[in-house]
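One structure coming up, written as structure tokens, with questions to follow.
Chains here go by letter, A, B, C, D and E, matching the order in which they are written, and residues are numbered from 1 within each.
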Amino acid sequence: MGPDHLGSYLAIAAALFTTGVLAVCTRRNAIGVLIGIELMLNAAALQFVAYGRFRAPLGDSIGQAAAVFVIVVAAAEAAVALALLFAVYRTLRDIDLERTRELAA
Amino acid sequence: MSETLMILAPELILTATLLAVLLSDAARWRSFAYLLALSGTLCALLASALAPRGTVGDQLAIDAWAALARPAILLSAVLLLMAARSLHDDDDGPAWAALLLALALGALVTAASAHLLPLWLGLELMSLSGYALAGWRAGSRRSAEAGMKYVLFGGAASALSLYGMSHLYGLAGRLDFAGIGAMLAVDQPLPVTAALLIASVGLAYKLTLVPFHYYAPDVYQGAPPLAVASVGTLPKIAAIAVLVRALSSAVPESLVSPASVSGLLALLATASLLVAALTAVVARDAQRIIAYSAIAHAGSMVLALAARPHSSATAAAAFYLAAYVPATIGALLALALLAPTAGRTALVELAGSGQRRPWTGVALVVCLASLAGLPPLAGFLAKWGVLRAALEVGLGAPERSVLLWAAGALLLSTAISAWAYLLIIRAVFFQPAPAQQTTATPPLPPGVAAVLALCVAATLALGLWLSGFAVLLHSLHP
Amino acid sequence: MIGALTWSVLAPLLASVLCLLAGRAARWVALGAMLVPLAVGSAALVSFVRQPGADFRLLESYPWALGAAWTVGVDGIGAALLALTGLVMSIATISAWNEARRPAAYHALVCLLTAAVVTVFTTLDLLVFYIAWEALLLPMLALIGLWGGEQRRYAAIKFFLFTLAGSILMLALVIALWVVQPEATRSFDIRQLAGQWRLWESTSVLGVSLARFGFVAVLLAALVKVPAVPLHTWLPHAHVQAPTAISVILAGILLKLGVYALYRLAWPLFPLQALVFDHWIAVLGVIGILWAAWVALGQQDLKRLVAYASVSHMGFCLLGLAGLTSSGVTGGMVQAITHGLGSPLLFLLVGVVYDRAHHRRIDGFGGLATPMPRFAWALLLASLSGAGLPGLAGFPGEALVLFGSYTAGGWWSWLGALATLSVVLSAAYLLWMLKRVIYGPLRHPEQAAFPDLDAREQAAILPLLLLLLLCGVWPTPLVAALRPACEALITHVTGAP
Amino acid sequence: MIPEWLSSAIVLIPLAAALLAAPLRSAGLAHALAATAMAAATALAVWLAWLIVPTGLSWQGPRLVWLDLGSWALSLGTMVDSQAAIMGVIVCLLATLVLIFNAWYMHDEPLAARFPWQFSFFAFAMLLVVFADNLFLAFVGWELVGLGSYLLIGFWYMKPAVADDPFYQRFKGVRARGVLEHCLSPAHAQLKAFIMNRIGDAGFLLGIGAFLAAGLAAGVRDPLQWSELQRLAAQGMPGSFLGLSGEDLLLLGCLGVFCGAIGKSAQFPLHPWLPDAMQGPTTASSIIHAATMVAAGVYLVARCYPLFPPEALLVVGIIGGFTCLLAATIASVQWDLKATLAYSTVSQLGLMFVGLSAGSEAYGREAGLGHLYAHAMSKCLLFLAAGAVIHAAGGVQDMGRLGGLARRMPLTAIVSLLAVAALIGTPFTTGFFSKDAVLSAALLHAEQRGGWTWLPFALACAGSLLTAFYMVRWWVRIFLGPERQPEITEHAHDPPGWAAAPLVVLALFTLWAPWTVREHGEAVATGHSHAQIAAFSLIGGLIVFAVLTYAPVVRLVSCAGKPRWWQRIFSEHAEQCGFAHGQPSCTVPCGVKTAAAFAPGLLLIPWLLGYVFDSWFAPHGPDPAAAAQYHAMAIAIGLMFTGAATGLIIYWWLPRLGVDTTGFLARHIYPLYNACANLWWIDRAWHALFARGLGEGLGRLSARLDLGDRTRLAALEGAAPWRPRDLASLDGAIDGLGRICARLGAGLAAWHDGRIGAYAALAVGIASLLVIMGVLW
Amino acid sequence: MLADLLFWICALATVGGALASALLPNLVHAALCLGLALSGVAGLYLFLEAYYLACVQVIVYVGGILILILFATLFSSDILGRFQRSPPWQRVGGLCVAAIAGALAVRLGQVVYQHAATLEHQRPAQLREAIAAPGGIGDLLTGPWLIPFLLASLLLTAALLAAVALVQRYRHRTPKDVDGS
């Protein structure tokens, strides 16, 4: 279980992913959920790079390219998410997910 | 190079239009923005009809399905732009048009994608513009809440999907469908199917299939009607197109037995149909009922795909889309016009709006009847196609009998959701209008009226022109 | 060149569009359109009376798509029902002559309804049959929902969901029949399907034979429409809340769709199952007769009483049809047609009283014979016809069905004996209603000023009265026209095993 | 030699008259048209009878196929034999006479224009039954006759229930209990009549079904023709119906037909409609409820006579006898003069059925028919006379208020005396010959078969005894004695000239009628010589005189005056014997004592006459049939004289002696009297069981079971929550299905509570569970 | 040995930071711990010879997105997380779902790991430095992956447009709820 074992990276990625899911499911604040999403994305990016490093054939940097794309999309998504949180803030004075339950069954 | 240019003509034209609209926003030609967007999309539509088929590297594959999906997407975008032009009075028109074009572009790319990355990027592009459109109505608490829920749920789902894709990359070393399919052929499918399933979460989320349908009712209820229309229709066309391609290339029949694939899809379809029908009955908001109908119709399309190896399966799904899209757009536009206060389509508030705008009411009834599947309209033929495919395969092979149970679920959900649609018709037409009628109803904006007429005409035409189905069948399997 | 039958479908369709444009003159357009099926139907019926036969006449066939073809044709029963549709629809239009609330839309929807009903009666194609069967839901929903009485919303929605749920299985059946046929000879033509009934006896779907599933599907759809007792509770609501003209249409024609579906689809396509289930259907018929009669006895509302009378009479059609004896089946069909004359008349008369008193409680009337003698005589004749008095239209159908079940042997005669009870019960509830409404002193003085039947009401009532007398005194031509088709059906079903 | 069209012409002329007279406005013109038409029909009927009766053949008229059903068909046709010819003449004759009388009777009636065409329609229907050549056409005629009576009973449909009809309350009989006053009205009477006839018709239909099943099993083309039926009955009934076959099937068929007859001829269980039918005009009742319609039952049984097995005849006899006695007892205590006639009709019909039950070897068919014809004439005359009396008394029908009308209406008195004489069987009237034939047939049958067949004969004798009693009571109370309320009867007068003509004609027919002589000639083998009849009458008269002198004994016994010591022996608690309104004064002992006083005289005379005269003269020789008929004649005359004597004593002789016998029966046999006055509670039973119980009660219950109760129906529109109570109704249960969907939907919707965290959790959780379970396990 | 130690430090930082950001009620602390986790991941990239990626991660993620999230924490009224606790059943539910997801991730990783081990294209260690250069990504983006590259740019434009359009719509509107909807 060292730096040059794929298993460890997979383990770390899995831990990141699980914590991300935990954050998404339990946080009461929208920011918390956002943090969770970022964690899950990072887990995926890390796994891409890890597989790229250990599995991919010579000179193949698909993993890293994919990770770059992941980061780009994460950035874009964060921007839009925060814009929408801003809209919620301006109308509700708060981004507490317990209070944004007007749309329900 | 000129070859790929010709193939990607529609996408390029659309991108150009997008940028032009952005410039027009900057250069204060706000009133032209919509015309610009409209003309651009029409050119793209023309180009997509004429564009040759082919593949762009291992990224995009413009095959029979993409050739059909692209004009459909652009046509819907045209309809939405025409409606938006007269519905939106505020001055952020150009931004809205640009976002819609971005959504359309995302859909085009997803529909044509043959590689996991453009698929995921296309999904993300659609989602981002979708989030913005959902939260578009400024100052409205409901619209903001809808946007937020959409962005959070969308983000989580795409992250989960990405995680699946990373494992797929780990296994296959390549990200394109053909590669994954080839890798599947090499060794035992267990891990790959798992990774594939998680990767396909993105599609399921976009198609609002059961485990990932939770956001749809809330978002459809809160978002402005045009946003719901665009988010509800364009991504579905793209998702079905790419699902068909993924199933045919990434999951070749030779290896994963069609029975297990159709078993899974039939299970998802039955769950979507029943959950949507039952919850629609107790919904108290018109757009929320439309959301549940979207979930149910997604279930039906997936049921059509579940009968896949059979020739008429994909045609049934395609015809279902052709019937579903105009009906949903028509219904939502009608609701937008009938709702007394913008953005509130609760059944209680819609009471008696039929008296104020009778013809819009009639259009709504026709669209809802088509969604419910009543015979003379397109919805019936769509259900007919799906049922035929399911029964033909189900009766043919005993191990595919799960399709018969799914067909039964489809019939049951048709019967139950008819009650939900009746709730809307009851509110619009049968309930007496509230006494205090403050504002006089403004005349019908011409743009929206035209779009509404087009949608109703499409529903009726597809319903009566029985041979439409055969033409579609021929075009999909030349 | 478009044949007569297709014109009798196209005319109402075109009329429904014209009505929307015609505005005030919509009612004339509608009336004109209704006369086309009436004319075509009566011409066909006369041709069957002159040369009785079990063949299909006025046949036309235009290929359409999806395997369906617009094939239309009528046999004895089809012709009679077509003529009945034309007649009842024109009478309904006359009775709704001065409908104030949005007349154009009203007449347009009635024309649409006519087109759908005429298609059901004339088509020989299973898919077109199903499309027309479902298509008449929307106009009826609008007609009851928008022009109805105080609880119209509940009644309209209940009607819609009841019929839709009832016939949803039929959609699966239509497709299954299409799928099961061999690739080359796939067709929806009912005659051809009747020929290959053995095909779906053998295939099984989810463990049960397709024929049984099919028979149950058609039976469910038909029993909701007939209506047979357990599935009949939508009818009183629909009748009480519908405006008079729509009640007339509902009672006159829509109840016949159920019997026609059994006659055209269930028996020919699944003869073996028919032989298995006929006893249960007959028992259902008898239960329907007696239960509806007893409930009618306890009714306070005039229109609901007449509605239950319809349920009771339609029970006879079921008993007759299930008996599979020549007099039973012919009697069932004659009963369906003569009930199509008698029960609209009753509803028209109830409408007359409702227009004047604006309520339908039987205790709210009393001694109407003094101010309204003509109305009293018409109601007397209509009630007596309902009670099955010889010399009026109610008798031949009932008598034939009873004699059919007497002579069918075995425990059919017990069913016949039970059905004979209805002779007493129908006289009881109809004439008791008559006593409380017409005879006796004038219970409410203000009703003394009620005007008697005016010209419009008489124009709607007289043709029905004359036909009641004609069919009662001399039903021979009608029976002669219907018998060959019924006997062909019997030989088809009994010859099956 | 018989024209083809004759029989159908007779049937169709009244129908034509009805159709022509209907639109006429003026009553006089309508009556004239109808009367002439009926007269023409009578002439044709007489001509037909003239051709048919002497030959005694049966002639088949033209036949028309009505409903052709491939293997068998229902057809319309006429068949005439002597029975039909005679009945045809009687129906047409009576119709003509009644129409003429009615022209006068309804001269001041505003609705009179409606009477002639409804009456002609009824006559058409009756003739249809008479001339029908098959059981199906008879059934059609049966129902149309029911419709005719329905219309005529409801002639004054606008009259309220008698409870709130001031005229009726003021002049109703003092002790007219048993009438359900709160609902008795013409409208109620017509409904009751139609429903009870329909119950009979339901039985008739089952009878037809039995014969039809047999006919089709034998493969007969026209299964219900009389000739076909006889052939089927002869060779044993093939096929089966309701599980019965062979002899049982024939019994079921005949009992079915008899059930139809019970309904129409108002026999025991289905008789309450006839007395209520008196709400209709008297002239209408005269022909419907006296002569023709009610006789249709007897006519039909006579028509199907060869089919009836002995057991069926026994049933006919017992029911007939029981009805005869039951109705006679009720008639004896009635105060309304039309009610007495109505119950007397029911009783006489019972007698006819007893006659019929004697079987063909004891000439039962001829006896029954003979009594039918005789009774038709006399009862029609009685009703017309009653009509005249009522018209004269300004509508008052209570015998307690009338009296002494003989002085004011001599013609009506004499004519009704003749009718009464014929009805109770006074010798030398048609009534005597027919009643004697009936009793002798019943006696002969009883002697031949013995056992239960004695019961009809015994009941018949008791019935005819009481008949004499109440008819004399009826005549004496109306025409003799003091005028009880002069202000009512001061303007009484006989019907004017042409209106009296029908009365006189009918009176003549009661004395002598060609058909009675023919029937009696056939029935009584010996044919008593008039001398014998004269001798018997003389002896009877002497005995009556002896009983009259016996009257003082009765005076002693009666508690009229101050109870002397010896009276106390007979009625020790004499003081409570005074008749108090409604209070049961004396108990059984007093009644027993009175009966004991009269018993020896009443029972002695018939036996004495029969035995003494037989031993002295023995004119009949060894033939048992002649002996039975001879004894029966003696008994008939004895019973007649005894009953008449009792009636005369109580209602004419004792009042002349100053004894007040107004409440005589009530005082002395109160329990029996109370039962009879309450019509043996049969009417109440019918009303409670059928109208209240099965009708409204069960109807309301089933209505609630079907659509739910009033609160549910009212709450339907608003989205009222579905209550578990709704399950009680079928409609509620079906709504329950919708509620289940909504409940499931609400359950699922609870998971959409708006929390985005929950959404993500559910989505990821379910997806991963699916993948783990499905794939990675 | 040093490399192993460094590796475990980065790993611990990543997982610890992630857990902290998920569980700490105080939003600012959570955001900062997220920064720690992201830096840890950047460190791991270094161990995986993805040097360019590590820089991008540090600059874009930690520098850009984290700062954005930090600003966003200002929107919430209870930054210190003293009284806005999510309902207990949601926390328990979330834990269970996280456990299931974790199990899925671990099992999937295990299965893929065992399966991937069988793949023959196991790379020799010595060629590490060849792939270190960022050129590889560049060749890929301009070569076969041109379409995704363009798409990414479009994505960013759209996101920019969306964010700006959404926010500037509130510039001249009063914060009061416009239509109460």
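Operating definition for what follows: a contact is a pair of C-beta atoms (placed from the backbone, for glycine too) under 8 Å apart; a residue touches a chain by one contact, two chains touch by 3 or more.
Note that the structure is predicted; figures quoted are calculated from it, not measured.
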State which chains count as neighbours of chain B and simultaneously of chain E.
A, D
Average the C-alpha coordinates of each chain, average all protein C-alpha coordinates together, and give the chain whose average is closest to the overall one.
C
When C-D and D-E are ranked by contacting C-beta pairs, first comes C-D
Taking each chain's C-alpha mean as its centre, the one farthest from chain D:
E
List the centre-to-centre spacing of chain D and chain E in whole Å, with centres computed as mean CA coordinates.
104
Please tell me the distance, in whole Å, between the geometric centres of chain A and chain D computed from their C-alpha atoms.
99
Between chain A and chain B, tell me the centre distance in angstrom, where each centre is the average of that chain's C-alpha atoms.
26
Taking the mean of the CA coordinates per chain, how far is chain A from chain E in Å?
4
Residues of chain D that touch two or more other chains sit at 738, 749, 752, 754-758, 760-762, 764, 771, 776
Listed in rising order, chain B residues that touch 2 or more other chains are 117, 121, 124, 128, 131-132, 135, 138-143, 147-149, 152, 156, 160, 163, 167, 170, 173, 190, 194, 198, 217-218, 279, 282-283, 419
Among the residues of chain C, which ones contact at least 2 other chains?
153, 161
Name the touching chain pairs, would you?
A-B, A-D, A-E, B-C, B-D, B-E, C-D, D-E
Spell out the part of chain E that touches chain A in their complex, as residue ranges.
3-4, 7, 11, 14-15, 18-19, 21-23, 27, 30-31, 34, 37-38, 41, 44-45, 47-50, 52-53, 56-57, 60-61, 64-65, 68-69, 71-73, 75-78, 81, 84-87, 90-91, 93-95, 97-99, 101-102, 105-106, 109, 112-113, 116, 119, 121, 123, 125, 127, 130-131, 136-137, 140-141, 145, 148, 152, 155-156, 158-160, 162-164, 166-167, 170, 175, 177
If you look only at chain B, which of its residues touch chain D in the complex?
148-149, 152-153, 156-157, 160, 190, 193-194, 197-198, 201, 204-205, 210-212, 214-215, 217-218, 264, 275, 278-283, 416, 419
Using the touch rule from the top, collect the residues of chain B that touch chain E in their complex.
15, 18, 22, 56-60, 92, 95-96, 98-99, 102, 105, 109, 115, 117-118, 121-122, 124-125, 128-129, 131-132, 135-143, 147, 163, 167, 170-171, 173, 187-188, 190-191, 194-195, 198, 341-344
Which of the residues in chain D end up touching chain B in this complex?
738, 741-742, 744-746, 748-749, 751-752, 754, 756, 758-760, 762-764, 766-767, 770-771, 774-776
As the complex stands, chain A meets chain B at residues 13, 17, 20, 24, 30, 33-34, 36-37, 40-41, 43-45, 47-48, 50-52, 55-57, 60, 62-63, 66, 69-70, 73, 76-77, 80-81, 83-85, 87-88, 90-92, 95, 100, 102-105
